Amino acid sequence: MGRFIIRRLIWTVFIVLLVSVLTFLIFFVLPSGDPALRFAGKQPTAELIAQARANLGLDKSLPEQYWLFLKHLVTGDEYGWPGLGYSFHTRDAVLPELINRARVTGSIIIGGAALWMLIGVPVGVISALKRRTIWDRGLMGVCLFFVSAPVFWLALLSLLIFWKKLHWLPGTGYVAFAESPGQWFAHLILPWCVLALLYAAIYARIVRANMIDVVSEDYIRTAYAKGLSPRRVVMHHELKPALAPVVALFATDLGALVGGTIVTETVFNMQGLGNWLLIAANNNDLPVTMAVTIVVAAAVSLLTLVADVLLAAIDPRVRLQ
Amino acid sequence: MGFIVLLVLVALFAGPLASLIGHGPNELFQNDMLDDFGLPKGPNGDFLFGADASGRDVLVRMIYGTRVSLKVGLFATLVAVGIGVVLGLLAGYLGGIVDTILSRIAEIILSLPILLFAIGIVTACGASKEGCARGYVKPGVTLVVLISAFFTWPVMYRIVRGVVLSLREREFVDAARSVGAGPFTIMFREILPNLISPVIVYASLMVPQAILFEAYLSFLGLGVPDSIPSWGRMISDGSAIYDVAWWLIVFPGIILLLTVLAFNLLGDGLRDALDPKSDR
Amino acid sequence: MASRRTHLALLGTVSLVGVLGIAACGGSDDSSSTNTGSDTTATDGGGGDVLAASDTGFSTGSPKAGGTYRIATPDLGFTGGFDPSAEYLGWAWGLQQQLLNRGLVGYRHIGGTAGTEPMPDLAESIPEPTEDGTVWTFKIKKGVKFSPPLNREVTTKDIVYAFERMATPSVGAQYPNYFTMIKGFKEMSDGKAKTISGIATPDDQTIVFTLTKATPDFPYRLAMPASAPIPPEVGKCHTKAGEYGRYQLGTGPYMIKGADKMNISSCDAQKPIPGFNPTDGITFVRNPNYDAATDSKEQREALPDVIDISVNTNEKDVFDKVQAGELEEAAGLSVPPEVARKYVGDDTLKDRFRSNPEDSTNYVTMNLAVAPFDDIHVRKALNYAVDKQAMQRAWGGKLYGDLTGHVIPPVLLDGDTSIDPYATENSAGDVEKAKEEMKQSAYDTNKDGICDAPQCKGIVYLNRNYGAYAKITPILTQNAAAIGLGLDVKELPTGPAYETLQTVKNQVPIATNARWGKDYPDATTFAVLFDGRNILPTGNTNYSLVGMTPEQAKKLGIAYPKTPIPSVDADIDKCNDTAGEDRIQCWKDFDTKLMTEVVPWVPYMNALHTNLLGPAVTKWEYDQDAGESALAHVAVDPSLQK
Amino acid sequence: MSTDSAPLLEVTDLRVHFPTADGVVKAVDGSTFTVRRGETLGVVGESGSGKSITFLTVMGLINRQSARISGSVRFEGREILDASADEMRGIRGARIGMIFQDPMTSLHPMHKVGDQIAEVVRTHTDKSKSEAHRMAVEALREVGIPSPETRARQYPHEFSGGMRQRAMIAMALVMKPSLLIADEPTTALDVTIQAQILELIDELKDQFNIGVVLVSHSLATIADVSENVMVMYAGRPAELGSRDEVFSDAQHPYTWGLLESVPRPDIRVERLVPIDGAPPSLITLPPGCAFGPRCPHARTECTAEVPELRDRGAGHADACILATEEKGRLRAARMKALGVTT
């Protein structure tokens, strides 16, 4: 177990490095992706551009720039540890902003995730237990609808209805919890719901399929042959194996969402990581792009690791290799 | 299924349909359909689904949008399936170092933040007419197809590899091996035919994913150019003024939803029909 | 690069044409309770006298001092980290000049002509130059103090230090070119001198500039924020590009919130001022050391206690909040047309929608070195073919811009709007005239008015990918197609679009992603765009490559077209050497020549700047100089805020 | 061998029909047999012959919504076919224990073996957790699992196949039921393990004086441990009788086929003959004798009506319409053809 985790952590570091190198390369093959131009004023002279380039450290060779980036990442810089430098776009230190925005993205993901588990798992279980009934067909129809509906469209539609037409909600944007818990909630409820509906639908379908597989397992027949009540069979024998892969999937999805809420954040005007990344990519803001990419890659890798460990904890058959 | 046939027909006969309506997909009706503030007018007898912010017929653009969605859905899936099946076969059958390397690559691709790299690649390839990769990759539908395929082939790869791993030990493979068939003959003549049903099932489920992916990219302004109507892009353009022009997001959204829904249903149906394990 | 920003500094006289264009919504004779114009009486607020609104301003009820004036912007967008030495964003200039720091020369910060007249600010008066216009001697006011924690009086040494910063390359100053005519400036920036020999301070109240040549517009240049005093004891700690932006101390009525708590005992002890976070926003609070007696109310009323600028990237959200009274204003954003439509159509709201000349030109730029635009007839044909009215509508209609047919905004040509060599009915384009022109082109091989050579197809057309720009795309594509020009659309985000266009090697044939405003009340700030000597491999702003020589082309690694590229370098030099009335005429002739003999652009609109005022705004002015709201003259009624 | 006179389990004319979209599947169509304490009934038949369904029905594990069930099942003197779900739960696991074919999949993979056994105790009694655990350990010991305390705390995947089947038996017998139904308990096991398990079942039968049903597709499996044998074909008993009767004097051509298709230690066979053809569709059974189409001795009378199970005396019954003398002749001819020497 310990060795497994260490090996996987090394793999995570490798992935993060690889992703950072790829990001770095993509950034520099971007045509005329020279952020220095922006700092050279309206009528740049060759000297001004060169100066701006030197100020941003862009005058050094690519490997040297990357090496400096790595060095700062590991040893920290004037803005703290890990050293992520300052934004080419705003000149603000990346690290504190990264933390701020991670909070926003975290609020969206955690709330949405809680909601989708609360909806998705029971719906999947009920559907499987009431298999082939009107309940099952109805719920699965609704799930298929939400699996097929584009998130950005649902988001816009929900804003149109609940904000613009019904005036039930205060609008878009993020309000910090510390500022006003009520407003925090009111602003997050729609993003949560929109995010949750898609994933709840996916999860309900998966849980249902798993449940149906499990129900036909021999050990469920054994359980009935033991004289257990149907309730006990469901709760004690069917749920665990049906949900074990879902728990693992859940951790993986959480990781993927750290970078996957771009659309949600854009529509709901949340200043999260995804939104930041989009702005950074549009502005050739290398340090921000690198920081977010690394966080996202690390989150995905680490949560995949968490998923594996969780699965091993739930299912004694799984051994961590 | 009927809906998909209808979509294909609409895509094929978009031109005649548009001329029946009398509006081209990029024809601007600025004077008729935009007010003094340049804001579009809603559905009326002539423009059943209203006009967009440039004064173009939303219905006609939706009809043409069918083409992009179907093209991306179909070709992205074909490419991803092609790569996934070939590599999955190789990895599953040959095993060893080939399997290790390919599986690692698949794992890395699956752990990349897709949208981020899509943004990067689109920006890199979309900046000049020549595109990128020596001009083989041109911005637009092709680029969307390739990006979508690039990020989805590992899914197909994993499925095929898994199936091949279990097939490899089966009797008919042993039999083929015993009569001296080479690895490639076995892979493509003996094992490949057995992959058809799982591949069809999962491929049919990749189609709606690819269609949605195009919509997402287009929504973020990274998809096809404006002159090629795309549902995602239409919704994106409409999102700026959805409160005064609801028809810009409602109609393209519904058609996108119905299309994805239809393909999902088709995929589910195929799975039920072809996969003996599934049981609805 | 700054040309992408629409709110650029502008000096000089302003035509009232644009202002009259919005008279319908800014009129003072309507029945609402709102009063605009000079008939508004000043009312006594808690904070003292409040000036009447100017012709382009707004005031209602009884504007009072106090309260928090809240602004949201999608992006602070600072080009130089808000460091006064480097910052080149017009809106940032407005903040520096009106709120934070007083320079020798300032403005009234109101709309129209009166808003661009230079006035003494820190200086006691604007002197007449001596020695054939090469020596300028300024005296500064007494009793002007820096904000806490510095608390000391300003001396002319602080002004010298500001200039020395501009001559220090590491600071990354973005417009030192306006001061290179000061004696010894170049020597210092080249590292050959430690100080600027042409600036002397006989005493703490006097500063003498010695120039290498007569510069009649020197006072205008001194109004630019980089020349305002900077305290060396803080500034010297921050000579990296953009860094000082978060440590700056000034003399204006406001300071960045928390500036007074900064520990300036040593460079290491200094921490960034908390009230300014480039990603989240910036908050200004009153500077306790500001003495209104040393200033004039004409320049700064400074009514709100706090001015809070926050970042909100969702345009829709911003304007919803402005309408709801959760914000007073948006900055760096044009009012969405659907909001304008609502306000203009409502008598109780229409005065809160403001539209003022921005004095910039929107245009289609064509590359003279790339087929088929290397043929003047093709360029002329496109000028006829473009439906400018449709393009105006794409921006939001008449309240968002005045149609134009030439390069230099009329305001710089004495309000002359007569130059329009390709006039069409309603400016809607004329395909027949366009075809007539196209027939004369070598690219129309069968002379039917349709471009039919292979070069006419797949022409890359660069544009931005959002907002009104995106709406231009189908219009230009359709207009060009009418004369056989097949445009291959390339849409990019703002930054990459600019960088693509500004890199000569990309040889973008045609683009609509750029706009141009100017820093200077003179047509020369537009002429630079056509100066062949300004062509740079990257960061090039002569997008049309006007005046490029075969030698330059070779050096840039691009092909030189068969038809020689015309040059207007001599015309530019001639106008720059001309003074007085003749100068205006010279620029008019230059503009006419550009439009008839060079035809690098299809100019289509002079933009109007739109502002939406929230319900709590009780007084507002347009700053013609910054092209944005004049925060020195706004007031808010906290009881109306939400 | 002690034998109670009252039957422990008495099944009469049991029919289990599943209506489906394609027609009614007659999985069990008239099954009749009895099991007594201390006796093992071996049930033999090909897959699809209805043997598993028969005993799942006895256990009450067939969903009554999806099946039409008729006939009679008397257990310990009570009719249980119409018992309530609660009553059946009280019988399952407590009075009737059941073990299944594949011990690899029949134990819950995510629960500890001891817990799974203790769960039976906890379900049927008020015993405390520790008491239940103690009983589970005891049950493991009784089925011959070494160091049962440790084993009880392990998961099924840590057990070998034979150990798992032993654990299953422990689970089935922990409540000391009167009947053990073993549905192909050895099919999935290695040959050497098979014998051990069968031996274990036999021993436990004697030790606890319980009735055992041993379901198998192979006569050879049940030969050594069954007192009585029932051969099933297409949902009906083809032949029923004591082991010795059935093995030495088989009356049904299907039983002959089964006997000839397996090697037997008591008869030397020169070659083994598989039964031609495949079991019939349970939806459209052939008219008359269901084995008719595969029977080399079938004649037109066979298709007339479904043959009844006829008792030939001494508890030996068969469902073939042919006359006893003729069957003797046919059987002798077949043995000769195979070169069997007794």
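Going by the order they are written in, the chains are A, B, C and D; count residues from 1 in each one.
Note that contacts are C-beta pairs under 8 Å (C-beta built on N, C-alpha and C of every residue); 3 or more make two chains touch, one makes a residue touch a chain.
Quick caveat: nothing in here was measured; it's all calculated off a predicted structure.
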Those chains which touch chain C and also touch chain B: A
Pair of chains joined by more contacts [C-beta pairs], A-D or A-C: A-C
Centre-most chain [mean C-alpha coordinates]: A
Centre distance in Å when chain A and chain C are each reduced to the mean of their C-alpha atoms: 40
Separation of mean Cα positions, chain D and chain C [Å, integer]: 93
Intercentroid distance (Cα basis), chain D paired with chain B, Å: 54
Overlap residues in chain B, where contacts from two or more other chains coincide: 123, 127-128, 243
Residues of chain C whose C-beta touches two or more other chains: 316, 493, 496, 500, 506
Contacting chain pairs - touch in the sense defined above: A-B, A-C, A-D, B-C
In the complex with chain B, residue positions of chain A that touch it: 15, 18-19, 22-23, 26-27, 29-32, 132, 144-145, 147-153, 156-157, 159-160, 164, 209, 212-213, 256, 259-260, 262-263, 266-267, 274, 277-278, 281, 289, 292-293, 296-297, 300-301, 304
Complex contacts: residues of chain D adjacent to chain A: 59, 61, 89-94, 97-98, 100-102, 105-111, 119-120, 123-124, 155, 157, 168, 171-172
Complex interface listing, chain C residues touching chain A: 1-3, 8, 75-76, 78-81, 86, 88, 169-170, 172, 174-175, 177, 240-243, 245, 277-280, 311-314, 316-317, 320-321, 493-496, 498-500, 502-503, 506, 519, 528, 534, 536, 538-539, 541
Parts of chain A lying in touch with chain D, wherever the complex brings them together: 217-219, 221-229, 232, 236-237, 240-241, 244, 314-317
Interface residues, chain A side, partner chain C - complex: 30-34, 37-49, 51-52, 55, 87, 90-92, 97, 100, 171-173, 269, 271, 275, 279, 281-284
